[in-house]
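These notes open a run of structures that come right after.
Two complexes come next, and they have one chain in common, chain A, joined by chain B in the first and chain C in the second.
The block that comes next holds the complex of A and B.
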């Protein structure tokens, strides 16, 4: 009987494995197909852009052909200020992002540890989070002037809220059993924080950072547009003021590429940091 | 009574910040030009309300914001649901959504100005373009999760594709769609205020910039706080609306 049963389960697992293989193959095929369709539609968009711009239905001022924009990016890169602008924008956005990340996680951790800190900051965070903080930009300019420091401060002010709330939620959701066993084994406060609570809350903290990063980039570009000068946002505003539409469209393409790379990099870092977590386990 | 006391204790820190602001400004700890006392800001707010500046500029901001957002919800929501139900559409449109999703939406400000000038049109277009992506993604994710058994039974009971969308797909997509709209709502405020700050002749953002450049900082603070509180209030009202719309769920 046992043998028969064993055989039955063997067959069941065999069928399961077969099903999984064909499912995998199907998925791989689907993947290739999807990628093909993806490349196709992006290519189609570029071709449609070029054809539409050259058809004479719109003026080159409204929509310069893609080839003209590409040429403009090329000249910017090799004979112009693209790298300076790009570097400055990245410097402002990322410095602000890192300050917001460190400050936000610290504040969140303090709020979860101390009732007094929590009492003080809880209403400020919950009122401040949904506010359009960009409206404070002129006040920050009034205080700090038109330099990098005011742009970076604006980025920090905007990007810190999602980090704090994510850290708070992450720490509140840490498995109580982990905390009890840590305490039981005699971990001190500092050890508890660094070795148990923060790693266990990491997935949610990273989610908060993934929300904060695009905000940092959006705000850095708005601040540059409002204040002028170097930077991708400032360069776009200058181009727009001189009615230089290839310059404006080149700016959009450049900013889009930067945003795309930053978001992909963040997702990659998440996967690397959470190798140990069930989230990244192959399903 | 106990509840009132609890709420008072909970929101006390905000009062503390307000009192500290007033004290710092009154005691001249910082330049009063840079930080006018809160009481003077409040007085400036009443002045702006009385001469109608705040109301008329606010009305044009609200018109731009709600028109752009409404278009984004209608078109983005429909697009997302169709993408979830139609494979070819999904394969062709999804890469474009993924391409535009990471684009920092503020980059669109100069282009919309190039196309439609300084008036209402460029702001509405900007908000529509910026807010469409989160709504589309919300509708898409929500509609993809709709129960197949429900879809099959609706179809076998002879529902047409429009009725299927309206009666089955939309309700099951609603929670995620509403979350997407909440993200869009916050984004709409950011894009509205920043585009008005940078290029405009009307609206909240314009008024902030104008008062700042003429040196009436009390008025500038008053408008900034109005916009900030409005953003907060709209988000809270929207949350209540969300709860009410989703009350049928357990």
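The block that comes next holds the complex of A and C.
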């Protein structure tokens, strides 16, 4: 009797162990799959591109194969202007982004503190946010010329809106009890802003910055396309003018890679800044 | 008694004005004297304005009618003489346990070695030794409230305002925290105003209980709840149970009125 019972328990634990093993395997597979999923879809797209371009249904002029475009990027990198173009585009996009970040957070903070500032800027933001800022490009060119300053101004003009609105929303959502705690412990007005309100609103401010960063890159490239000269956007327009199809597609790929790296870098910074936040806490 | 009262609340009214909808009279004609180093509970049904009264004493809300004196001076703003502990802890989530406790000490301009020492002493006192570098999001509810209590006690307020501090904790943690609060209070007596809707908690912790009526909040009765000792064993004594019963009847009447008033 005892032996039988023992056997039954053994079987039960065996079944449990098996279940656990298969569950672990499933989870590991799931992990690999999830991590690989992003890369997989991109890989599939590239393969489809290559196959379609070589199928004979389109001319290489309309769609050069990815391998040709990749080769072109390689040549640009070692014998051409890739690094100058890339550097200039990044310089314009990131300078504009940082000005928009600092200006946007400052304006948002001032609007949340002062009724007068808010009264003045609220309508401007409501009108300005949904407007296609690129429509101001001709005016900006007239005022500021064709060089970096006009392109950076366009970037700031476009990227500042999501930062201001995110800062406003973040500050408005700060728990009253946190503010009272700060007051209670003797924080003055400036200390309240720097030590309590802005850190508490940081998750939302960072979300605003994460929206603003791709906008900054997009606007920098559009401005370059419209104004010509060096930079990824300008180089694409030049390639297009010379009917250089691989050059145009090389620009697309380069922009995609730069955008991807910027977004990943921003997400990394967010995780580092918000180690305290529940969203990044290990579960 | 007037001469020795530390906090004097005199004919205070308060109207709650929601952003939309009609203003509501939250507190009506509240008068209350609180003695130094007394443990007073504000007991009442939810929505009776007991937290509002606490915020008024804390200086967080403007006093519209009547006056509140602390040490003879009218309350105008929050100050470190009146430390507050909130139901939902209100810890700074971007600061560690140590950072939270240090914050008030930094604001008071204590030299660094002294504030480190002081912060550590209070962290040890609430039993969080070993968790100094944890963020609030990594702690349990009970540990978060311990951190909040350490943070408030560290600035050495003479008055401790507690707004349902154990209301968000589970029953076991709550009972442990009650006993610990009593220990802390007996070791370094402070004036405590403790807001709660838990009758047993009020009777166990407080020396006097101010029972508040349903909205608009009034002080309906003040009941002495002194016992020879504050051992958890008194919870089953006859006197204690009778006291709870007496107060429970008062609160229940008000809770029923409150429900009828809201038409639910």
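In this text, the second predicted complex is superposed on the first by the 246 of 283 C-alpha atoms of A that agree within 3 Å, B and C clash if a C-alpha of one lies under 4 Å from a C-alpha of the other, contacts with A are read in each partner's own complex, and residues count from 1 in each chain.
Keep in mind that, in the parts below, contacts are C-beta pairs under 8 Å (C-beta built on N, C-alpha and C of every residue); 3 or more make two chains touch, one makes a residue touch a chain.
Keep in mind it's a predicted model, so treat the numbers as computed, not measured.
Once the two complexes are laid over each other on the shared chain, residue contacts for A:142 go to chain B alone; chain C is not touched. In the superposed model, A:276 lies in contact with chain C only, and not with chain B. By the document's definition of touching, of the two partners only chain C reaches A:202; chain B does not. Of the two partner chains placed around the shared chain by superposition, chain C is the only one that A:175 touches, whereas chain B remains out of contact.
When the shared chain is aligned, no partner comes close enough to touch A:24: not chain B, not chain C. Set against each other, chain B and chain C touch different numbers of residues in chain A, with B touching more. Of the two partner chains, chain C is the only one that A:184 touches; chain B does not reach it.
Using the contact criterion defined above for the overlaid structures, shared-chain residue A:256 touches chain B, although it does not reach chain C. Contact residues on chain C toward chain A in their complex (touch as defined above): 55, 58, 60, 77-80, 82-84, 86, 88, 90, 92-96, 103-104, 107-108, 135-138, 151-152, 155.
Per the touch definition, chain A reaches chain B in the complex via residues 33-34, 37-42, 45, 61-62, 119-124, 127, 130-139, 141-143, 214, 217-219, 221-222, 225-226, 232-233, 236-237, 239-240, 243, 245, 248-249, 251-252, 255-256, 259-260, 262-264.
Across the interface of their complex, chain A is touched by residues 9-11, 13-14, 16-17, 34, 91-96, 98-111, 113-115, 186, 189-190, 192-194, 197-198, 204-205, 208-209, 212, 217, 220-221, 223-224, 227-229, 231-232, 234-236 of chain B.
If you check the complex, the residues on chain A that touch chain C are 175, 177-178, 180-181, 183-187, 191, 195-196, 199-200, 202, 275-278, 281.
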